[in-house]
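Have a look at these structures, which come just after this line.
What follows is chain A paired twice: with chain B in the first complex and chain C in the second.
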Partner chain A sequence: MPSPNRFVAVALVAASALAVHAAGTVRVVTKDPAGSPVPDAVAYVQALDSAVEVHPPAEPVAITQHDQEFDPYVTPVVVGTRVVFPNRDNVQHHVYSVSPAKKFEIPLYIGESTATIVFDHPGPVTLGCNIHDWMVAYVFVLSTPYFAKTGADGTADIAGLPPGRYRLEVWHPRLAGKVGREITILESGDTTQVVSVTLRPDRRIRRAPDAGSADYK
Partner chain B sequence: MGSTGPRLPQFRRFGTRLLLLIAGLVAAAQCADYLFVRRANRANALERINESLRQGTLLFTKRVDARLDELSGRAALMSDDYSIRQLFLKEQPDPATVRSALQSYSVRMGVPFMALLSPDGQRIGDTGGALPGAALKPFQDLVKVAETVDDPKAKGFARLPPDGAGGKLYALLVVPIYAPKPEIVAWIGLALPIDHTFATELKSDAQLEVTFYYGRGADMQPVESTLQEGAAKSSAPPSVTEGIMTVGVGGESYVTAYRPLLPLITPGSASIALQRSLEAELAPSRQLERFLLILFLASLAAAALIAPVFALNLSNPLRALARHTEVIAGGDYTSRLRLDRVDEIGQLATAFNRMSEGLAERDRVRDLLDKNVSPEVAAQLLRDGGALGGEEREVTVLFVDLRSFTRLSESMPPREVLTLLNRYFDRMSGIVEIYRGIVDKYIGDAIMALFGAPVEQPGHADNAILAALEMKSALARLNAELTTEGRAKLSFGIGINTARIIAGNIGSSRRLNYSVVGDGVNVAARLQDLTRMSQFKADILVSASTLRAARGRYRVRDLGAAPVRGRDEPVEVFSIEGTE
Partner chain C sequence: MDFFRPMRSTGRALIPLLALLVPIGALADGPYLSATASATWQDNVTNAPSGDGTRGAFDLDSQVEASWIRSLDFSTLLTASLSACAEVCTSYSGLDNLAVGPQFTLRHKVGVGPLAPNLYVGVAGLGVGFNDPERSKIEGDVVFGFSQRVSDSLQVLVDGKVGSYDARDIVFCGNYASLVGTVNWDMDETWRLKVIGGWRVGDSVANYTAEQSAFGWVPVDADAFNLPGAWHYVRTFNEPFVAWRVSDRTWSYGAAISPALGRHTSLTLQFEHFTSVGLDRYDNNVVSLSVAHHF
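For the complex of A and B:
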């Protein structure tokens, strides 16, 4: 097995060369069958010609809980990323996942949790809270550094791609079927990919009206 | 024999006919009534049963659905349970822990069997016990169904275990375990037994017998039943998968609704049979029918009793009338029919009595006529209805009067006077009739006779003269008899006159006499008076008009004109001495 460090070195050299000379950007435009944009989709590309090493960020990524919801709803991270779950509510939460990519739980806590979870396997991870059934969020663990999340307009820009062949994929918590295609990044520059995404119905639990809300006091 | 065709039975007695008629009508009406009520009761009972079978079928579906919904709710609570998630936090859950956890849950939910399946339908664990692992197949089939629907759960009926003997019916349910929703991390499978308890509860709510059948193909066997086991087995297995029909169970008729248990996950077929005994449903109506039957027999008996009485009431007076008719036919008009009733028969009797009176009256009148008037007058009276109009015609009137009879009668007892007189009248009247005259009336010891009335006769004058001569001979014979008897002789005088006079019924409207009036009658009477004149020495005096009218030849002595009382002119008088 080649030394990871050497791969990283090669990649960095290549990346910096491309970055200097010709770094491409893929604009992914998601549309559902009705033509509406699909937010919270993770668009990512896998290099087909060479292996690209991923480096988790130095600082942990935060998925906060406030107003008894996870924020953000979808968090794409690379393998090895550390995630913290700060609780900004005045009630305790009990964050857990039983997904094969990462099974964990952080027993009841409030405030800044000391627990840092390392997402060390690629794949979707569904987060829940044992106290609040409606709370749901997703961590999508990637083995590629080239990814972006669609905004409200349904577009995501994956930047800094060296020229070459890639496999473009889109993931969404309610994705009905796999969406993927091969794309080629040329030295000349950017490309736009329109991807049709079919989603399953949203079956998230409707949150119960908060009887204790300040609005009613 | 054999030549006569079919004919209606003839009854000699009216009562028999009436009895048969009334009894027949009563029987027909009551029989129709009974049959109609019986039919209506049966139709009503069938309708009621059909309705309760429909309700029962709905109730069964509702009960199963309600129980499964309740279990589904409990399973949802269970799937949100913290402890169940703990199982899935492990890389490989401990099988013994999973089993004991599921056993706890099955107790909480009140179901005998639970299974936990992975999202792709693989077994994670189950409660074990009575159901072996093979029982998982139906749950796996249900998972495949549940995956395809929006609300991911599925239910169906199954026999567990599907193979081998001793399988029992269950309603199965699979519901998802979310961690969190909508992420399905496992499926829970539950089995609700469709057992005897279930059947008994359904029976108590629906008031219907409940039997569950299961079989492969046509070979359906009862697996649970509220009927006696023998009865359920003897009951014909469903020949239809769905529908209502009447089947015999242990000698009773049960209206049965079959409905397949759908969907059935395991191979074969299963159905529920809801039944109610037609006899039991009809039991209250039977009481009414029995009452109607008694009423039927009672009214038939009443009709049988009343009809003869009624018939006698009608036939007795009719027979009495018949007898009475015989009596009248025999000539007895005096007897009267006494029927104490005012109806048509009473009126008939009254009419009969009036008829008797009428006949008696007619008889009496005829009798009186016969005795009091000459047969000719009587016949004419009867013929002309007693309204003899007056008519003028030529007749010969003859008066014959006994001489010195008043003196004679004073020396005799009255009875003998009458006997003698009648004896004399009998002879004289007979002679009048022989000569086709009629005795118009008896006036004391005198006879007034008419010739030529009321029936016209050409030789009335001759007849009168001949009758007078014959009377004279008859008187001689009577006197010979009287001499022999030692009595005094009789002598008479006869006056005859022929004249046009008026003949007809004379009298008041109440009493009429056929007679003649006119001067000619007086002349005849006066001529008779003249015979008393000693100078004439004659017993028979006739007028000239009589001689003119007579065609016969007589020895006549002309006595010349004689004055007649009541007439201005004297009358020529002739004495008839005999015939030539």
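For the complex of A and C:
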């Protein structure tokens, strides 16, 4: 019997610098072992030849709560980004994180929260609601401006890369470890990178109710 | 069970409980609606001792519940709910019943996060009207419990209850205390396996086959006269029975498999075995198929 907590799957991440896009754009394609696209993966590159400054956006990023779920599920941001958590449900939420990269909690509220959380350290941050245990989302805080999140088609384009050497990495909430390798962006020309990654099973807390129980969660 | 003297005033306690629903409902989030429908087979619905008198029955029930929730602080919730249940017994119409009752629960989470333990305490009231009117009753309960997620996939729950119920006939009155322990294992997002163990002490009703005598209907089993509680003839089971109020201890165990049919709906197939021991022993096997939905 497979372990209930984890099983090993292999996904292939194909990264290619394509001249058909603007020079310096990396297209990352994620697939699971069955060949299906993997959404909500964060692909990012770190420049190896020079330091690159990051500038957080002027406006805060919003992670909403709707139908007692967070939306979006994964939010990549750069260090220093402010995030707000509007509650569009008709029930209160208690948003928290105990992740090392950012610990915080927003007391019970409904509607627009007055709290703005600044994510000032790089790393993954797991969000939860202390009332509804099944609610989970992730903020991935980056120290590079070059990143993108895969969409439903499993692809992400990282644009605006000057020529040079970079380290490409991919992060996903179910990744067992970091995945990455060095790539080179040329003035022109194509390059393809294939990286094997290990995924954990999707272990979210079950939301469906128990028969005879009409409890809050 | 001297420490649980029958509360003939239980019904009066229901009135302020129902009245409390109004201000709490006005101040709280909600209502949140849920519904459950079940089909249940019980192989000893007469709760008769082994041998003569055991009769099985199949019943269908549906329940709706409206809940209002008020946050008292970061980790404490006050929940007020009103539930209504209709039950139809396909074999014995006297057991058909309608039940309505409020419940108020204070729930406190000790800490932050899904692995923090939950504690709750509350009061509940229930009015039940049976087709066999002697069984109609009003019940008052104190409920309490604890739940703890050990991991994302394992959860342990303990639910306790101390209750008293007054029926129209003394045979169907009683008091009880119970504890039920449950372990939920969510094998994945769809499938849940549940293991249940329970204990109950207090009054219950056992039924013995009866025969006509010079003194009226009496139990066929003359040893039944050793039972200390009240008893009388009942017509509930379409044949002669006498119902006896007995005091016993019940141990139960069971298991359930529950697939989620979506975020808001689940199906549950559950088996439980109950063994009650007083002066006699009563065994019950209960199999149920339920569907629950949160709107």
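Methods note: the second predicted complex is superposed on the first by the 176 of 217 C-alpha atoms of A that agree within 3 Å, B and C clash if a C-alpha of one lies under 4 Å from a C-alpha of the other, contacts with A are read in each partner's own complex, and residues count from 1 in each chain.
Going forward, contacts are C-beta pairs under 8 Å (C-beta built on N, C-alpha and C of every residue); 3 or more make two chains touch, one makes a residue touch a chain.
This is a predicted model, so every value here is computed, not measured.
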| item | value |
| --- | --- |
| Which of chain B and chain C A:Tyr73 touches, first, second, both or neither | neither |
| Which superposed partner A:Ile205 touches (first chain B, second chain C, both, neither) | both |
| Partner chain(s) touched by A:Pro107 [first = chain B, second = chain C, both, neither] | second |
| Partner chain in contact with A:Val91 - chain B first, chain C second, else both or neither | second |
| Touching partner for A:Asp133 - first (chain B), second (chain C), both, neither | both |
| More chain A residues in contact [chain B versus chain C] | C |
| On chain A, positions contacted by chain B and by chain C | 94, 96, 98, 105, 128, 130, 133, 201-205 |
| List of chain C residues in touch with chain A within their complex | 29, 32, 34, 36, 38, 63, 65, 67, 69, 71, 74-75, 77, 79, 81, 83, 107, 109, 112-114, 116, 149, 151-153, 184-190, 192, 258, 260-268, 270, 288, 290-294 |
| Touch list for chain A against partner chain B, complex | 94, 96-99, 103-105, 126, 128-130, 133-136, 174, 201-205 |
| Of all residues in chain A, those that touch chain C in their complex | 4-5, 90-92, 94, 96, 98, 105, 107-108, 110, 128, 130-131, 133, 201-216 |
| Touch list for chain B against partner chain A, complex | 80, 82, 85, 88-91, 150, 179-183, 185 |
